[in-house]
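Letters A, B, C, D and E mark the chains in the order given here, with residues in each chain numbered from 1 onward.
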Amino acid sequence: MPNHSNEELVSQIESSNKRKYFLEKLSEKVFLFCSLLSVISLLLIIGFVFYKGTHPFFAEGYSFIEFIFGLDWVPSEDKFGILPMIVASIFATIGALIIGVPIGLFTAIFLAEIAPKSIARIISPAVQLLAGIPSVLYGVFGLAIIVPFLQNHLGLAKGQSLIAVILVLAIMMLPTIVTVAETSIRAVPKTYREGSLALGASPIGTIFKVVVPAAKSGIMAAIVLGLGRAIGETMAVILVAGNSLVLPTSLTDSIRPLTTNIALEMGYAFGTHQEMLFATGIVLFSFILILNLVLAKIGSKGGK
Amino acid sequence: SQDNTEAEPSSGNQYTLAISGSTSVGPLAEKLAEKFEGKNAEVNIEVNQIGSSAGITNSLSGVSEIGMSSRDLKEEEKQEGLAETIIAYDGIVVVTHPTNKVQDLTLDQVKQIFTGEVTNWKELGGDDMEIVVVSREDGSGSRDAFQEIVGYSSGELIRSSIVASGNGNIKTTVAMNKHAVGFISFEYIDDTISTVKINGVQATAENVLQQKYLLSRPFLFVNKPENLTESGQKFIDYILSPEGQEIVSEAGAIRVK
Amino acid sequence: MRKAKDYFFQSLLWLSAIITIATLCIIVGFIFYKGIHLINLDFIFGDYSPSGGGGILPMIVTTIYTIVISLLIATPIGILAAVYLQEYAKQGRLIRIIRFATESLTGIPSIIYGLFGAVFFVTVLKMGMSIIAASLTLTIIVLPVIIRTTEEALKTVPLTYREGSLALGTTKLQTLYKVILPSAMPGILSGIILSIGRIVGESAAIFLTAGTVAAMPENIFSSARTLTVHSFLVTQEAGDIELAAAVGIVLIVIILILNLSATFISKKLNKADY
Amino acid sequence: MNTTKMDRNKGNEQQIQNKISVNDLNLFYGEKQALFSISIDIREKGVTALIGPSGCGKSTFLRTLNRMNDLIDGVKISGDIVIDNENIYRSNDVIKLRTKVGMVFQKPNLFPMSIYDNVAYGPRMQGIKSKKVLNQLVEDSLKSAAIWDEVKDRLKSSALGLSGGQQQRVCIARAIAMKPEVILMDEPTSALDPISTLKVEELIANMKKDYTIVIVTHNMQQAARVSDKTAFFLNGEIIEYANTETIFSMPKDQRTEDYVTGRFG
Amino acid sequence: MNTTKMDRNKGNEQQIQNKISVNDLNLFYGEKQALFSISIDIREKGVTALIGPSGCGKSTFLRTLNRMNDLIDGVKISGDIVIDNENIYRSNDVIKLRTKVGMVFQKPNLFPMSIYDNVAYGPRMQGIKSKKVLNQLVEDSLKSAAIWDEVKDRLKSSALGLSGGQQQRVCIARAIAMKPEVILMDEPTSALDPISTLKVEELIANMKKDYTIVIVTHNMQQAARVSDKTAFFLNGEIIEYANTETIFSMPKDQRTEDYVTGRFG
């Protein structure tokens, strides 16, 4: 092939290279800026929440300790204690995890490893579809079905309770957990399965001893995302929690988690009351960070 | 306000009147706006139901020209120069499950129920079953008014009470629980719940107007006087006109006069 | 013994799957059971009337507005950000910070986004309660979703494509838009599907930023009410569960259509592979 | 056994006992036939090498011997494979089959667990719980796989931290721990460096007195070095099967000669 | 050029012009050194083969010649590589370098586009838009790559529908379409069946009158068949570099001999 007849081509190439390198540099800057946007948004949001939420403690002489450990929340009487809500949030989250995670994971395993392809092909997208149903409707469902069910079958005076919240949250977590976990289980290299089966392990043994541990990081991501959904959820919870201001001591107590407190009262709140709701947001935010850190720890420990 | 007035259309350009606030006043305001727009094509009214305080904040910050409130203004808010107009009254009715035998309560009994002094329907002449109290959220206009008239404070409210956001949620909650008792606005009364007489007086608009029935509160429009445009004033005037007040009572609220 | 254990776990898997599927069927069944009788052409295509009897066309339009605008903004930014993280950035502090930020953004409750949007976009940037303010707020909400899924999609593009292209004397940028992004498209689309779900299902963040005006929005600076906000309001104020469910049916259908078309597009794009 | 394949099995005269007898085996991936009427007897204890160009069906055939092809959708098989007088496709106990017929893959595929757990994996799945028994088994297996000295101080650390060659020997140990009778190896050294390769080859040479080994290799020299008998595959058929020296020094078939002299692939 | 490496470049006496001169090249992946003081002259037009056991640095070296290693984080390089009197690591115009030095990879890596678009990809990216020019270029390149007849009726259909061997030849066509002067090939036939391999080898034999070709191969026979000169790599060093016949018939170094006679790998 001739290399020589192309001087024209070569010079064309050389002249365009300069422009290309410039574009290259420029585009990298643009991409960097785009990725910094999420940092900027986070900083703005954190800044905003903290600015509003720390004001009462710095400027108005409220005690942060009393805020965290106080038992009374009566904004009209200047009492701002959120301990019952913190406890409620913790219980509700843990409960939802205990129910939602195993069912979600087992379903994901089922879809990825056991279900016939034709079935999985229908169910997986259906589960994804459910991730898009507005949470209000989950709440309505909880209020119209779960709450009366609890009232009638547990003989409760009111079905709005910790257990109702746990059930609704567990249901809401399912689509996220199933979808993300299923993807990561499918991504486990075939060689692990082959290796295990070739050692005479049964398919089920292989799943639980090799495949699931190998998919650990994806499964952790599934749990974290599901957890985010559970903690961040408000609209559904408002409807089934009962929102009572008591320190929960049993599954049948009605509770008020941190998120519902914010959503419930923000519409009417002003002044210090509003700032205290932002302070609730800070607590919620720290709560989420701590949980994510803990889960990451568990994940990395298990991953080893 | 002059600038705003100038922005008003003479040339078929619509002026948008922004109103926001109480979710209780909202539906009524929407109905009034619908009729008003039918008559005044040059005005387009936006009604946002986002809660009394948010509405008041918006009217202060200028995001909305008029705020809607279902509670009285606080001192601080008045000091910022907000003007208020009562556009209607809202009757509040105590509601129970349709199977509940208790049909009549004294104001004092209501207080005892909501403060937890009485915890069984038996003590009020009903069946032997626990009372489940359903209240609105702290800060809600209905709740403020209800507590003030019945005579207890938020701190006294029984701790285990269910707190539901909005009339609809109280209604749904009470309709689904035979133990429950709550309070809602007149407009939301229907046959899924049963209403309770207070001191023997039926909850009706007439009884409120004649001051026989005690549980009511005002629906307010608030605004910074300097922000109120001609259109805004026109709308308020319309509401207070006999025609506007007719719509008010059709919607289930209580006319001002 | 071993067999019994296998059998037990196998049953557990089946049981969980059945519980999940049954629950989801019950929920969808519930929504349809409660709402289907309200669905008719007037309901879907009629204008809204506060005095009753109207349709929900304004909410449908508003919902579509918010989906389109949020995606128009979030998709390019999210994809480019993911491209930076995956294709350009060297591992280091900056990357860790960006990753941490995106991950934290995923965990923030939407009510907080709503409050932020209400102050930042609505008041500070003087957008007023409007579709655009809500869409920008939603953009921040779905950005992390798009970034993460795009990153995952980029990871699956074989290194050999990049090498093949660069070895032909192309720039990174050319390689990116000619080879890498097209092959990552199916994965990116799945992220977009998830985002649509998030946008459509959001209420708290929207009613604080777009408001609840129940009228046909004139433009993106109008205040308006989405379907989800509508179902939230009718539940909260009127306690009208049937209406909320009917709105839910419309939402399910919208999501279904969007998901199917996204899948269809991704299949179309994937065809190039075979 | 079968008379139909005696023409190919000339190398079989020595009257060494056969461990595996394959008769008229055909295998289809969906519509596509990958193995054509394979008949071969594999002798007990010793190394049988399978060579042939890429895509000729060596791996496919190897995987029929412990039914790993069962995992692939749409695989259809006809013909008989008899191991120890039992037709493995008639019996339904795949687990038993795979316990008896171990396998080592092309790429070391240790699980993301400690070295110890990897080797103890199979026995544990068989229900062995006793710490003492397991310890002994792990030690013996690692010793047999000539890797004990290199890993004995780090049994509890992750297996994925080992070099490729070490990993492959742990894979062999893992297979040995099941006390199999047959070990199948699919290009076990192709991912390894020369030194590791040598070690694995030595290991195979040592193991052949105890195990029936079937090894697929692309490397002619390796086949020549480690195997007793060699089968040459081409396009899903066995072209020639004979003693290794015969295959490499005086093959009967022109195609075999072309292949082993490097005219191909 | 450089005198320091004359000892190794005994094969260079024929006074054929050198296209590429490498002098004292060291390469590190992070802390780990992968190439040690590599010095080698590669002649213009002709085939130079790089052989050596796995992991010895053949690919690494090949990829320094068109700076593909730039893509890998933490790679550090010292020493000089001069192509056509230009030190490629001094210049910053990688695009120009890669336009001049084409590359064909181990696995055919066509893009998921039509055959035509694959071949036209490079030229288009250089800004060539004219349909006519492109058509001509695609046709010429496919012809040079000896694949035109097989694909001329399906230029618009997906390149991934071709067989491995066809794909690899389209890869070569794609490289040729850039009118490079040097073509680097990293085990271009190792993923191919014997017949495709033969075709690609024939193609290389034809191309060597026009291009400077550097090929990495694991297959000794292939190196012997296609190359004019051969360099033997071991552990990141060039042990021996000479005419191909010399390397295979009378290598100077014992290690070379061990390797080419199959004692290794």
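The rule we apply is simple: contacts are C-beta pairs under 8 Å (C-beta built on N, C-alpha and C of every residue); 3 or more make two chains touch, one makes a residue touch a chain.
Being a predicted model, the structure only gives us computed values, none of them experimental.
Fewest steps needed to get from chain B to chain D, stepping only to touching chains, is 2. Taking the mean of C-alpha positions as each chain's centre, the chain lying farthest from the centre of chain D is B. We define each chain's centre as the mean of its Cα atoms; on that basis chain C and chain D are separated by 51 Å. Centre-to-centre spacing of chain B and chain C amounts to 35 Å, using the average Cα coordinate of each chain. If you average the Cα atoms of chain C and of chain E, the two centres end up 47 Å apart.
The set of chain B residues that touch two or more partner chains comprises 23, 50, 54, 165, 169, 172. Among the residues of chain C, those in touch with two or more other chains are 2, 171, 174, 235, 241. In chain A, the residues that reach two or more other chains under the touch definition are 20-21, 143-144, 202, 205, 239, 263, 266. On the chain C side of its complex with chain B, the touching residues are 49-51, 118, 122-123, 128-129, 207-208, 211-215, 218, 222-223, 233-241. Those residues of chain C that touch chain E in the complex are listed here as 90-91, 158, 160-171, 174, 178-179, 182-183, 272-274. Considering their complex, residues 117, 189, 191-202, 205, 209-210, 213-214, 303-304 of chain A touch chain D. Across the complex, chain A is touched by residues 66, 68, 71, 73, 95-99, 102-103, 105, 107, 109-113, 121-122, 125-126, 158, 171, 174-175, 178 of chain D.
Residues 72-77, 79, 143-144, 147-148, 151, 157-160, 238-239, 242-246, 253-254, 256, 263-271, 273-274 of chain A are the ones touching chain B in the complex.
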